[in-house]
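Labels A, B, C and D are assigned to the chains in the order they are written; within every chain, residues are numbered from 1.
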C-alpha cells in the first residue's frame, strides 16, 4: 500500500463507530467494547504516521503503550462492572447514576 | 527480514529460471503469484500430514493405552488396526448433525472453526526443517502464542453456545485453565529468548547444536527446569490428561463438546491432537535443538561429492527426520502421561499453576538472565571445557 | 521489491483459509450423506435424561474473573518483555548487559509484588471459603451473628 | 499486489467487525465476537504497515486476553440475559433503541465533520516520502524500550501493578471483604 489515506480512513471509521457505540448503547460492557475500538483506532493512526511520515519507531512505542493501557483499562473497567452487577444486579448505565458500592 | 520456504527454494537455479520464465510470459513480475502457489501446495501438504498425524494420534492413543493396560487395542480394521482412523472418520461424517434447539446457533457453528483456525494458523511457523518452514516470521514464537489463544476462545464459545450446564462449566474451566497455564509457558519461552536473542524459530534453533550438550535444555540448570515448566504448562494448555478437567467424563459428561456431534465434534478432537503436535514441536525446537542434526549433516556440506542440489535435499530430509523424531517422542510421552497419572482437582490445578509453576518460571527467567549476563551466554559444558583448558594452560 | 517481504504472511492466510474451508466443506459434504431426522428430544440439551431446567447462562463465580485478570496483566507484561529479552544478547555482547539486566529485574520485581499481594490476599486460592473457615473462623462467626 | 490483498482483507474484517459491534442488538456475546473480528483486522493492518511485532502483540493481548476477559465478564453479569433496565425508569433497553441511535448518529456526524476538517488542514502540508522497506522492528523496539523510553517501560509496570491490585480489590467477592 503506497498511500496513507486508506489507513487513516479505516482508523477514522473505527473511531466513529466506537463513539457511536458509546453513545447509543446503555450496556456498560458494550460501551467498553466501544472504548476498545476507539483506542485501537488511535493506535492504528500512530502506526500509520510512523510508516508514512517520519519513520522512526516512537509511534510504535506509543501504540504498544496504548495497547497496554487498553488492557489495563479493560481489566479495571470490567472489574467495576462486575462489582456493580453484584450490588445492583444490573449492567445498565442509567442505574449507575450514583456509584457508591 | 524473514526466512522461509521461498528463500530456501530461491537458492536453486531452477526456481529462479522458472520465475523468470513465467514473468516474461505474463509480462509482469510474477514472483508473488508463484510464491502463492508454492505456499498453497506446501500448506495443503502440511495440513494433509497434520490431519494424518492427528488421526494416527487417536490410533496411537488407543494402542498405547491398550499396551499400558495389557489389552489389545484396535486390531480389526486394516493391518494392526491402522485403518481405524479412516473408519472413525467415516463414522463421524455419517453421524447425524444435531444442533440443540436452545443453542446459540451462529456461535455453535463458529466454535469448532475458531479452534481449527487457531491451530492451523500456528502451523505456519512450526520449523520442520531449515528449509521447510512455511514462514519464519521474526516474531515467530510470539505469533504462535497469540494465534493459538484462539483455541481458548473457541472452547469458551463452544461451551457457552451449547446452552447446556455441562458445556458451560466445561467451557469456563477450559478457558480459565488455558489462560492460566499460558503464563508459565510464556515465561519459559521468554527465558529461552533471552538466551538466543531472537524470537524467530531460525534464531532459536540456530543457537543450538546437533548434540545434546548443545541443546538449550542442558544449557544451564535453569533451562532444565524451564523445560519441565513449559511441558507441564503445554499439557494443560492442550487440555490433555492429567489436566483434562474441561472434559472430565466423570463429573462433566464430556465438557465443552457435550452437545457436539459428528464432524463438529471431530474438529474439536482434530484441533486438540494437532495442537499437541504443535506444542511438542515447539518444545523440540526450543529445548531439543529442533531440526539440528549431529556433525552438521543437515547443511548437506558433508555430501559434497554429490551435486549441491541433491546434497542440500539430503540434508533437509535428515533435518526433517531429526525434528519429527524428537517431536514424536515427546508426543509419545504426552500419551504415556495421560494413561499414567490421575486427573487433578480444579483447586489443585489452579494451585499448581499459580503457586508453583508461575513463581518457578519467574525465578527461572531472572536466573537465566543473570546467567546469560554473568557467563556471557556460555553453556555449562562450554564453561567446563574452558575451565579444563584454563587449568591445563595454567600448569 | 518492498511488497515481496509481505509474502511471509501468505501461509498464515492460506492456512486460515484452509481451516475455514475444511470446516464448512466437511459439514456441507456430510449433509449429502448423513441422516437428518430431528426430534424434540434429540434437540434438547443433555441433562442426564431429565428435562433441562432454565438456561445455562447463569452467573458464575468471580474467581474466574480474578484469574483472567491476573492473566491479562502477565500477558501484557510479556508483550513488553519479549522485545527487551530479544535485545538482551546483543547488548550483552557490547558490554551493556548489566543495565538491561537491572531494568529487567526491576520490571519483573514490580510485577512480582503485585502477584505477592494477590497471593497474600487469597485471590489465588480457588476454594476460598474453605480457607476462611480454617483461618478466620472467629471473624466469620461474627459475620454470621451480625 | 499481495499487500493490497492483505489490506483489503483486514479492512473488510475491521469494517464488518466494527459495524457488528454497533448494530448487533440481541446478544452482547455476539458483539464481543464482532470486536474480536475487528481486532483481528487491526492486526492485519499492522502487518501491512510493517509493524510485525505490534501485529503479534495485538493478537496476544487482544485475542488471547481482552476478548476472553470480556467474555468472562459477560458470563459473570448474567450471560447477556440482563438486557433490561432493572428499575425501568427510562425504559431504554440496554442495547439501545432508535432514539439512542439517532442521538449517536447526530453526534458522530458533527464530530466526524470536525475531524475531517482538521485532517484536511493537516494533510495540505503533507508531502509523500519514500517508503522504507519492510524490516524487522523487534530489535529496534527493544533497543528503544531500554534506552530512550526506559522510564515509560518501568512506569508501565507500575501502571499494570496498580491495575492488578485495583481490579483485584474491586472484583473480590463481596463476602470476603465485608
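Quick notes on this structure:
Everything that follows uses one rule, which is that a contact is a pair of C-beta atoms (placed from the backbone, for glycine too) under 8 Å apart; a residue touches a chain by one contact, two chains touch by 3 or more.
All figures in this text were calculated on a predicted structure; none of them were measured in a lab.
Counting C-beta pairs in contact, the pair that comes out ahead of the other among A-D and A-C is A-D. Distance from each chain's C-alpha mean to the overall C-alpha mean is smallest for C. Averaging Cα coordinates per chain places subunit A and subunit D 5 Å apart. With each centre defined as the average position of its C-alpha atoms, the distance from subunit B to subunit C rounds to 18 Å.
With each centre defined as the average position of its C-alpha atoms, the distance from subunit B to subunit D rounds to 29 Å. Within subunit D, the positions touching two or more other chains are listed as 1-3, 48, 53, 57-58, 60-61, 64-66, 68-69, 72-73, 75-79, 131, 134-135, 138, 141, 145, 156, 160, 163-164, 167-168, 171. Annotation for subunit B: residues 1-2, 32, 36, 137, 142, 147, 160, 172, 175-176, 179, 182, 198-199 touch two or more other chains.
For subunit C, the set of residues touching two or more other chains reads 3, 5, 7, 9-10, 55, 57, 60, 62, 64-65, 68-73, 75-76, 78-80, 82, 85-87, 90, 111, 115.
Chain contact topology: the protein chains form a pattern that is neither a line, a ring, a star nor a complete graph.
In summary, the structure contains touching chain pairs A-C, A-D, B-C, B-D, C-D. Listing the residues of subunit D that touch subunit C in their complex gives 1-3, 6, 9, 47-48, 53, 57, 60-61, 64-66, 68-69, 72-73, 75-81, 131, 133-135, 138-139, 141-143, 145-146, 150, 153-154, 156-158, 160-161, 163-165, 167-168, 171-173, 175-176, 178.
Remark: subunit C residues 1-3, 5-7, 9-10, 13, 55, 57-66, 68-73, 75-80, 82-87, 90-91, 99-100, 103, 106-107, 110-111, 113-115, 117-118, 121-123, 128-129, 132, 143 touch subunit D in the complex.
Those residues of subunit C that touch subunit A in the complex are listed here as 62, 65, 69, 72-73, 75-76, 79-80.
Listed in rising order, the residues of subunit A touching subunit C in the complex are 64, 67-68, 71-72, 74-75, 78-79, 82, 86. If you check the complex, the residues on subunit D that touch subunit B are 1-2, 27, 29-30, 33, 36, 52-53, 55-60, 63-65, 67-68, 71-72, 75, 79, 134-136, 138.
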